[in-house]
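Shared between the two complexes below is subunit A, which has subunit B as its partner in the first and subunit C in the second.
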Partner chain A sequence: MTAWIDGRAVERDAAVAAAAELLAGARSPLVAGLVAEAAAVQVAYDLARTLGASVDPAASAAIYADLGALASAGAMATTPAETRGRADLVLVVGRAPWASGLARDLSADAPVRGRAAGRPRTLVALGGTGDGAVQHVAYPAGEAGIPAALGLLRGLVAGRVAGPHPLADLAARLRDALYGVVVYDPAEIGALGAEMLTGLVKDLNETTRCFALALGDPYQGRTAVQVSAWSTGQGPRVGFGRGRPEHDPWRFDAARQVAAGEVDAALWLAALPAPLPAWAGTLPTVALLGAPTGAEARVVIGVAVPGETEGAALWHPGRAVIAWQEAGASAAGAPPSAAATLADLHARLAAAPPRRSAATSELSASC
Partner chain B sequence: MLTRIAGGRVVDPTAGRDSVSDVWIEDGRIVATPDRGPDRTIDAAGCIVMAGGVEVHSHIAGGNVVLARLLLPELGVAEPDAPNPHGSGRDVGLLYARMGYTTAVEPAMPPVNALATQLELAEIPLLDRGGLCVMGNDDQLLQLLRDRESADAVRDLVALNVATSRALGVKVINAGGADAFKDGAVRFSLDDEVPAYGLTSRQILDGLLDAVEALKVPHPLHVHCSNLGLPGADDSLIETLAAAEGRRIHFAHAQFYAYAAVDKDNPLTGGFRSAAPRIAEALARHPNATLDIGQVVFGQTATISLDILRQFSGRKAASPRKWIVNAGDAEGGGIVPFRYRDRGPTSSLQFAIGLEMMLLSPDPERTILTTDHPNGGPFTAYPRILHLLMDKEARDREVAAHPKVAAERSGLAAIEREYTLSEVAQLTRSGPAKLLGLTDRGHLRPGARADVAVYRDQADRTAMFARAHRVIKDGTVIVEDGEVVAWTRGRTLQLSVEADAGMARRTESYLQGRFGAGLSSFTVPDAAFPGRRADEPVFEAVACRT
Partner chain C sequence: MTTLTLRAAPPERLDLAGLTPAALAGLSDGEAARLAVGTSRHALALGDCFAITLDGSDELRIVGATERLDRIGAGLAAGRIVVEGDVGQRLGAGMTGGTITVSGSAGPFAGTAARGGTIRIAGDAAESAGGAIHGAPAGLDGATLLIGGRAGDRLGDRMRAGLIVVREAGDHAASRMIAGTIVAEAVGDHPGYGMRRGTLVAARHGALLPTFVETGRQDLVVLRLLAKSIATHAPWAAALLRGPMRRYGGDLATLGKGELFTPVG
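Here is the complex of A and B:
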């Protein structure tokens, strides 16, 4: 079974038709989640343009912590593989890099490329101690929290803060490293923390090399960021209500919009696991799910699980890029992909244009 | 369907053609004058008819283009209701098509990020597209060179990277410079050593030049030299040209190297003067060499480059004061926002040097118009640049408004030359098409792809080239009076090159060891583009030279 309307199993085609009708009838629809392969995220943006919908990925909280810091301070970053290959010092900020296993992985080897090759790798922690299995030196963040501690550390590194200080020794380690890497989770330290961290890393590069390494989010947020950038020229929280994409991370926050009664229907896309938003049960919603039960929303359509039952372009956390992931062994009998299902839906909506038609947006884009 | 583009002034320098006549199209191709009447006539009376424009170097896709949009959201929405060259792929396609361009190449596709780059290229409508695969700072190649492996091994690794990323050609960006930067360097020249590999930039360049020749890649190695933008950078370009030793070589955004140091003993403090005559003279002596300009345009832009050493060195000039330098798995990338101050002394001199290079060109087919979008400015400046090349009076008026230093340190003011329409076609059509080895475009001879631009002949060349009267892509009218009338999707051009099975095995184990992911993770399969109809494939193969 791969399709349900009001909890009753139906033919897939009937569910897609009902989904098209539900979305076409909406005055202010929402397309959310985007926890899926790049091709599906692409069609989701195309669909939102046709519908005049707003878009909000499930990963937005983590995404915008990093995008906020990026747009105000820029970045100086490296990749997981370069960290493994070159870093002689890894500063683990907060708890999340320990929980993700990255800190432990990085402790397992030592630099093999570049001028630090042959040196040991030292792990140090700020504002969160790791598991006892990994040898590291832990520095407390202090009561003011991680962003403040990073700001202080930046002052120490730049020589603006002088005198004895608990973090002075950490500042010295960072200055002495040949290829330092500061690992963090934007969702944990927030935009302010990420901005402080960027400033710290940039200052260190006046005399040595040091880079930031952000953990990815588990919801394909970095795929959504890229698809959105090339599809709209902007970040992922956009609204197509006026035909052209408008970026506004506050206005197009799905939770805020639902709470304020600004949307009257939604499409939730989660081909990969993600927590179902509470509004899926109250707002007229079409849910495209990799692991459906049928009870999640008014219309539920099962889709292939990308990278498992279907080959897919997905965010690869180890490589930190969108990469091809072959299907696993058990692809037989899987439902169509999210991309194919959305393309079907899009074709139906384009054939019977909703209030904001494809023709209108085409026109506005070319004027 | 047989189409006749009737009564226009047809300009095709590859056929020595510049006369009022007809162009005939059938099944997406240019055909000889047939002995039957047309099914459709496009009236081109009073118009100039040329082949569709071909772009060889414009940053229109890839991770760094994405990051530039996120770093400078304000740049992409400068005029909310107008398409923006810094905006979406859709806007990029529209703006190129409107100017009569029908093919565009993204010159900096890192093999580690090929899939996202190709997904993005495929979302640029209306145009045919292609990407150049960047090598020269990647550990696997540098290991081969350091270990003095055979030229065949280097060739096989290049072939594998081109095939896996589905590239149209190969580019090298400050060979070894990114590696040197990661080890602390901030200056790096052709004979400097990449510390950890004991290899000079020259040795890496040499290996890649040989590999591209051995593979018979139609597009010569596309080279971004060291010392971009520094006084004395002309020496880097001239040394690199000598290092090519007669092998084919393309110099990217050469304007940024046409800076002779005023004070040879203190090159970095004495400022620069135009080296355009020196480079034009070198080009005349080296038929193996081509260049594109990288013309500077006044205004706010973002500089995007995989030359992270150079971008890091330029960070303090960032305006606004925020920048990105990413140390990637090979190059990574740097984004430094920059404002070419309107009529500022330095930007005016850069502006003059770019024009001077084109006006001194011994062969416009080998000095191709680019702005290195967005590095020198947006590609939408082409119409104005063509106008200035064609019109000495307009040029004099422009230069009169610039600070004196631009006239004193360049030879622009004294140049009388005015480009003819045939020379414009060489600069923007036949030259770039030949450079990319795309024999089916850049001209209007029978057999060519029916990519045609029809412009209303106007004295205001800026207006003429900015909004084509008609643009035809593969026989379909896609633009009428500057507006898109058919959103066709175009193809992505990829070189047909066989990868060696032995090198694929070696690379598989290298990639597994380094990334915990093998070759399949680096591929760009058709299945990644499921939104496209089977009869409308994303990719089109381009053959190697025979």
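Here is the complex of A and C:
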């Protein structure tokens, strides 16, 4: 069974028709989640354009912590593969890189390419508890927290803060490295912290080489950033209410819009696992899910799991690109892909355009 | 005086950018009523939501305003906008002159990129009042922003010029500040994070960053001149500026030419 309306199992075609009906009647619909393959994310943007909907990926908090820093200060960034090949010093910021396993992976080998080839690789940690099985030197962030410690480290590296200090040794290590990499989770250190970290990396590049390495998020946020860039020219939180893509990270924050009563229907796309937002149960919602139970929203449609039950283009965290992932062994009997399901929904909505003129005249009296 | 009276709570956010006294002055009632203000595919016009009374004067009154009205006074160059009620985001964005007064509270990014004129908010302001929007080169950029109540986090974020006077502000006041002046009765933790230049005066403050260093007690003529210039706007701020001050320099994480003044003792 792959489709439900109000918790009752129905034919898939009936559920898609109900989804089209639910979304077509909305004044300010929302397309959220986007935890899916690149092709599905692409159709989700096309659908949003047709509907005049706003778009917000599940990964937005992490995405915008990094995009804010990128838009303000630029970036000097590298990939996990380059880090493994070239880095003689890796600074692990916070706790998340340890939890992800990336820090452990980087501790397993040493640089083989570039100016640091042949040197050992040293792991140092700032403000993280670390991993007892991985040899590293840990520096505490102090009570003020990681963003403040990053600022202090940046001041020490540039020589604007002098004198004996617990982080002075870490600053010296960064200056002495031939190819340093600073690993961080944007969601953990926030937009201000990410911008300060970028500044630290840029300052270090005055005299040596150093790069930032942001952890990917588990919700295909980086895919959404790329698809949004090539579809709208802007960041992923856009709204099509006025017919053109408007980028506004504050206005199109899904949680804010729902709390303020600004959306009246939603499509939640999560072909890969992601926490279901609380509003899926209260707002009229169509949920496209890779692992549905049928009770998540008013209309629930099961879709293939990309990279498992169908081949799909997904974010590859090691290579930091969108890459093809073959289907696993369990592909037989899987429901259609999220991209195909959304394309079906989009075709129905495009054939019967939203009922806007009638609604406008109704509204003139009520506004 | 030209008056726009909101008839009912709007069903969506409305964008009032460009609705200035000068822009409305040359319009007939019908033309004004057809100005697009909606943000959904329903294409709402001004006349759908507001009762409109035009008189061609340089004063615009917006009555019954709510937090769903975005960009009120954006681009204002001259004249006066008086808002009765609350406003949404980006109040007075990019304005170059004139005055805006709001009887209630403002959403985020009030006064963003405003290069001239005065904004007076009687109530509170949400985050990034006088701050930069995503990717913008500057927040407040020469205008004067007066907030009677409490401002949210990141007050004056990436501000480049101008003056903000506020009763109370959240954390990270004056973050990434490029230049300008902020006077507050109280600010939260870590004021001046990433501050390059500029001046923050606060009677009380939360935790200071390790990259701000005390540079001693100061008795500066410029603070007394500032007191004189803002005495009419905010007598309490003038009184604060006339007292003896301790100075901290920072943020040494960046350029470090900013300063935080706080009363001695």
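By definition in this document, the second predicted complex is superposed on the first by the 354 of 367 C-alpha atoms of A that agree within 3 Å, B and C clash if a C-alpha of one lies under 4 Å from a C-alpha of the other, contacts with A are read in each partner's own complex, and residues count from 1 in each chain.
Everything below uses one rule, namely that a contact is a pair of C-beta atoms (placed from the backbone, for glycine too) under 8 Å apart; a residue touches a chain by one contact, two chains touch by 3 or more.
Note that this is a predicted model, so its numbers are computed, not measured.
In the superposition on chain A, contact of A:M196 is made with subunit C only, not with subunit B. Contacts of A:S72 after superposition on the shared chain: both subunit B and subunit C are touched. Legend: residue contacts after superposition of the two complexes on their common chain; A:H247 is shown touching both subunit B and subunit C. Contacts of A:S28 after superposition: subunit C is touched, whereas subunit B is not reached. Of the two partner chains, subunit B is the only one touched by A:H316; subunit C is not. Legend: residue contacts after superposition of the two complexes on their common chain; A:V55 is shown touching neither subunit B nor subunit C.
Of the two partner chains placed by the overlay, subunit B and subunit C both lie in contact with A:G235. In the superposed pair of complexes, A:A224 makes contact with neither subunit B nor subunit C. With the contact threshold set out at the top, residues 67, 71-72, 235, 247, 364, 366-367 of subunit A are in contact with subunit B in one structure and with subunit C in the other. By the touch rule above, subunit A contacts subunit C in their complex via residues 27-28, 51-52, 64, 67-68, 71-72, 142, 144, 147-152, 154-155, 160-161, 192, 195-196, 199, 235, 239, 241-243, 247-251, 262, 354, 356, 359-360, 363-364, 366-367. Residues of subunit B touching subunit A in their complex: 61, 63, 65-67, 69-73, 76-77, 80-81, 83-84, 86-91, 94, 112-113, 115-116, 119-120, 123, 139, 179, 182-184, 195-196, 312, 318, 322-329, 332, 335, 483-484, 487, 514-517, 520-525, 527-531. Contact residues of subunit A toward subunit B in the complex are 38-39, 42-43, 67, 70-79, 81-82, 85-86, 113-115, 117, 178-179, 205, 208-209, 211, 225-227, 229-235, 244-247, 311-313, 316, 318-319, 321-326, 337, 339-340, 343, 362, 364-367.
Taken together, the subunit C residues at the contact with subunit A in this complex read 7-8, 10-13, 38-44, 47-49, 68, 70, 89, 108-109, 132-135, 154, 158, 172, 175-176, 190, 193-194, 207, 209-211, 251-254, 256.
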